[in-house]
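Dropping the structure in here first, questions after.
Should a chain be cited, it is by its letter among A, B, C and D, assigned in written order, with residues numbered from 1 in that chain.
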Amino acid sequence: MALLIFATLPLLLIVGYALFAIWLERKVSAHIQDRLGPMRVGGWHGWAQTIADMLKLIQKEDIIPTNASRFLFKSAPFVLFAASYAAFSVIPFSSAYIGSSINIGVFYLLAVTSLLTLSVIMGAWASNNKWSLLGGMRTAAQMVSYEVPTIMSVLSVLVVAGSLNLMTISEMQTGNDILGFLPNWLIFQNPFLIVAFIIFFISIVAESHRVPFDLPESESELVAGFQTEYSGMRWGIFMLAEYADMLLLSLLGAVLFFGGWASPFGSYLSGPVWGFIWFMLKGLLFVFVMMWMRWTLPRYRVDQLMEICWTILIPVSFINFVLIALWEMTF
Amino acid sequence: MTTEEITEYLNREYGGNLDPTYAEAGDSWITVSPSVLREVAKTLRDDKNLQFNNLMCLSGIHYQKENELGVAYHLHSTIHDHKLVMKVRVPEDNPVVPSVESLWKTANWHEREAYDLVGITFRGHPGLLRILTPQDWEGHPLRKDYEQQESYRNVSTGI
Amino acid sequence: MGLLDKKYHDSNIIIVSLESALNWARKSSLWYEQFGLACCAIEMMATAASDYDFDRFGIIPRSSPRQADVMIVAGTVTMKMASRIERLYEQMSEPRYVISMGSCSNSGGPYWEHGYHVLKGVDKVIPVDVYVPGCPPRPEALLEGFLKLQERISNETIIEPRETEQESTEEEKEPIEVE
Amino acid sequence: MAPVTSPQPAAIENRTMTINMGPQHPSTHGVLRLEVTVDGEVVTKVKPDIGYLHRCFEKYAESLGDYAKVVPYTDRIDYVSALHQEMGYVIAVEKLLELEVPERVEYMRVILAELQRIASHLLGIGTFGLDLGAFTPFLYCFIERENILRILEKVSGARLLYNYLCVGGLMRDIPTDFTSDTWEFVTSFRPKIKELNDLLTTNSIFIDRTANIGVLPAEVALNYSASGPMLRGSGVSWDLRKNDPYSIYDRFEFNVPVGQGEMGTVGDCWDRYIVRVREMEESLKIIEQALDQMPGEGDVKEAVPRRIRSKEGEVYVRTETPRGELGYYIISEKSGPYRIKARTPSFVNLSILPAISKGALVADLVAIVGSIDIVLGGVDR
């Protein structure tokens, strides 16, 4: 029973967060664009907007195109959601809570998130729609390519941290010792990790396909990309998973570079509850930056996207990795 | 050059017998017979003193009284900055006009439109298909005696 | 069509409150299909833009018909386009609604007399829920159309009509079958 | 996928795929349908299919039997720049009837036309940005556009389709605060152009997406009879307001911006875009001069004929709309109009699309269509 509660906690968190994030995204975009955003539904600033959206999506007809590959079409959204949900199990939400504190946490997380690519291709192929197919092809190419710089920058952190366990990595970042006042976050421990973080952030934006790398579902080109044929709650799950994925990668960034649940003020405000709050705040900050980028920038073209990855990010991340290793050996 | 000068120049240099037509108001024009249209058009475009490099407009017209169809070419030269209106008229029962698509690419769609709406066939056009109305549309709407079809693909066109 | 498939015979308090919750959800999140036909589409864009802001009501565009709830037929429907509109409507998932925006799609508008290629009213090919008059309607008018649609949605029910009514509807259906 | 060269070509089947873009597609600006043949993502052939908005303007123009009745229908040809369509038409009819128009009316028409040009360019630029995935500039453009529409609404009573110009004059007198409103707009709009430049024009992603894409060489443009920003983007300085002045455009000083290939090749999408941005500044200049020179008094309906007495003859009058050369070819009889053809810039400019989009990617195709800035009402009429 306790195990069940333990397992469903992240689920509630993810769904609650996704509902909040979608609302937040609409509010953020609206205020960037000199609008108000949802105002009516539920009263105060349209707080119930996404709840209504989800309740509506449940009521919608679940269309499966005649020529679609039924099994793949039906299961794709669940594979996607399962992948991002499973990945949450190694995230240390606070000093007192982690789903599974396994020794190969980072490795597990990266492996499980690769399933996202699979499910997108499943959905795209099964839809039997040309726009979906183009979107699926783009996604496959994009996510496989951007996994390389992500992994390289994660590897750089691991060199400094010396552990694959995310809980251990978080624990070693508590306290304020650098220069006497800076928190012991990894990003402050090694100057080259700042470069690694920039590469990591660009890559996770691309991996969660957000603007300027939102080619898989680029609305003005591919209608809705791989989601074109999906309707109702199946599409809703895609959307939930997309936001969950965003949070997952942001939280990973928070753990690897910004101390996870460690408080920025040393031992001040640092209990398990505060730890959770700090952790979520850090994650949401990255999510907010992603939203900000989405509503400001145009979109790259598919070949330019690849060019950035293979000619800039990957070489730089390799060189950076070597430099970090040298730094660690010297100091 | 004005229309008059251009006509004179053409008659002098190429031995034609073109004559400008004047109306009560507005522009004057020259009428060319369909058999020499392409030659005249090519001359107008390539002659050093004329150089009509810009086909502004091409319109199909139905002259109901005369039972004739016509095409009006509005030409303009960006080099010499002069204009010319050239017309060609063909009988309603055999409305064939040589295409000028190879001279001015812009004529491609204009000719398709004239074919679609007025029903003039352009000889030598690379793909003379209807352009505005669907391919299985009946009749040519801009003919003065056009009768609207009652339904199209089981949807009534009436009120 | 999801939960709406099931109709309930009796109307107890749970079903009534479920019904109002479902209706509330449907009317609060009307996603419209992002496609425009003619002049009205520009006004539709203006309504979605900052000055009028559709998003206040939870109305956002979706470019795939599968995910849309409302189709705004914004502009003149021509004979060539009529079959496309029909197909788009068929591609939408239930429950779906149609707002006919502007005189042209209401009735042919200024093109009713000599418009050989204009469909005289989109209701000849698809069922319309709300008609918004105007040429083109102002953004306020389109918003009003959406409010009317919301009103209409909140009157929808998942309770099956009484047996007597059912019989009468069946009787009405009979002559159609005979034909 | 690029074509694969393999040692055994027979073993690999290389097929192209045909995708149907539109008539319902977020970035075809209405109901344009493109039949695109792609090899992977590379476009090998584009076939535009138009006519989904063919509203029989020409049939109407000759069936109504009266010149005055046609004006509202001209509005609907190119609904984004309705005043230009009206202006071209009334100028054509005035030329046919040899009508003289009062000074004040001429100035008013020019000011309104330039305001409309800015509004239309704002929409064109905004949707172009939207095609490239930038949503926010689109809404910023719309905010400014609303400011213009407010002025136009005060003048004419309508937001989009004005029916304000009539043969010989204007439908209604000019509101008293028109001048002050317009001055206010002009002063507030200048800084906004800079804002737009910061957001879009100099954005490196935007430049990557538009420079060297859809290059249209000048001679091809001329052969296709392209006009407006499409032609000027290719480096040809051709503006009917300067080169063949109509109305009173010869009284104003303004420049004709042309594409110079600052970011790539002359005639690419970026050039077409920047021409529009710079034209807005030129329009502001014209508006300022016109506001200064406009006579304060005068009856705007002075020259409006009570009943139009038609003449026999024909005219072809062309004016410069935001999209290029709009020509009205009117054949008139004693009884009224016999044939009116509208030669719209959108129709002609769109016919170039197959020529400049070969070898582009699907994403580029969207950018090219956006940079042509078509209005389907104008294409199909």
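Just so it is clear, a residue touches a chain if its C-beta (ideal position, glycine included) is under 8 Å from a C-beta of that chain, and two chains touch if they have at least 3 such contacts.
Just so it is clear, the model here is predicted, and its values are computed rather than measured.
**Q** Name the chain with the Cα centroid closest to the overall protein Cα centroid.
**A** Smallest offset from the overall C-alpha mean is found for D.
**Q** Could you quickly compare A-C and A-D and let me know which has more C-beta contacts?
**A** A-C
**Q** With chain centres defined as mean CA positions, report which chain is farthest from chain B.
**A** Looking at centroid distances, A is the chain farthest away.
**Q** Please report how many Å separate the Cα centroid of chain A from that of chain C, as a whole number.
**A** The answer is 37 Å.
**Q** Chain A to chain D: how many Å between their CA centres?
**A** Distance between chain centres, rounded to whole Å: 43 Å.
**Q** Approximately how many whole Å separate the CA-defined centres of chain C and chain D?
**A** Measuring from centre to centre gives 32 Å for this pair.
**Q** How big is the gap, in whole Å, between where the Cα atoms of chain A centre and where those of chain B centre?
**A** The separation of the two C-alpha centroids amounts to 62 Å.
**Q** Which chain C residues sit where two or more other chains touch them?
**A** 50, 63, 80, 116-117
**Q** What residues in chain A touch two or more of the other chains?
**A** In chain A, the residues touching two or more other chains are 33-35, 219, 223.
**Q** Check each residue of chain D and list the ones that touch at least two other chains.
**A** 25-26, 51, 54, 56, 59, 139, 143
**Q** Make each chain a node and each touching pair an edge, then name the shape: line, ring, star, complete, other.
**A** The chain contacts form none of line, ring, star or complete graph.
**Q** Provide the full list of chain pairs in touch.
**A** Listed by label, chains in contact pair as A-C, A-D, B-C, B-D, C-D.
**Q** What residues on chain D touch chain C, complex-wise?
**A** Answer in residue numbers: 23-26, 30-31, 51-56, 59-60, 63-64, 72-73, 76, 79-80, 123, 138-139, 142-143, 145-146, 149, 159-161, 376-377.
**Q** So in the complex, the part of chain C that touches chain D is made up of which residues?
**A** By the definition above, chain C touches chain D via 33-39, 41-43, 45-46, 49-51, 63, 65, 75-76, 78, 80-81, 84, 88, 110-111, 113-118, 135-136, 138.
**Q** Under the touch definition given earlier, write down the residues of chain C that touch chain A in their complex.
**A** Residues of chain C touching chain A: 1-4, 21-22, 24-26, 28-29, 50, 53, 55-58, 60, 62-64, 66-67, 69, 93-95.
**Q** Please name which positions on chain A make contact with chain C in the complex.
**A** Interface residues on chain A, with respect to chain C: 26, 30, 33-42, 46, 48-49, 51-56, 58-63, 219, 223-224, 227-233, 235.
**Q** Within the complex, which stretch of chain D touches chain B?
**A** Answer in residue numbers: 50-51, 54, 56, 58-59, 62, 95-98, 220, 222-225, 236, 238, 243-244, 311-316, 318, 325, 327, 329-332, 339, 341, 343, 347-348, 351, 355, 380-381.
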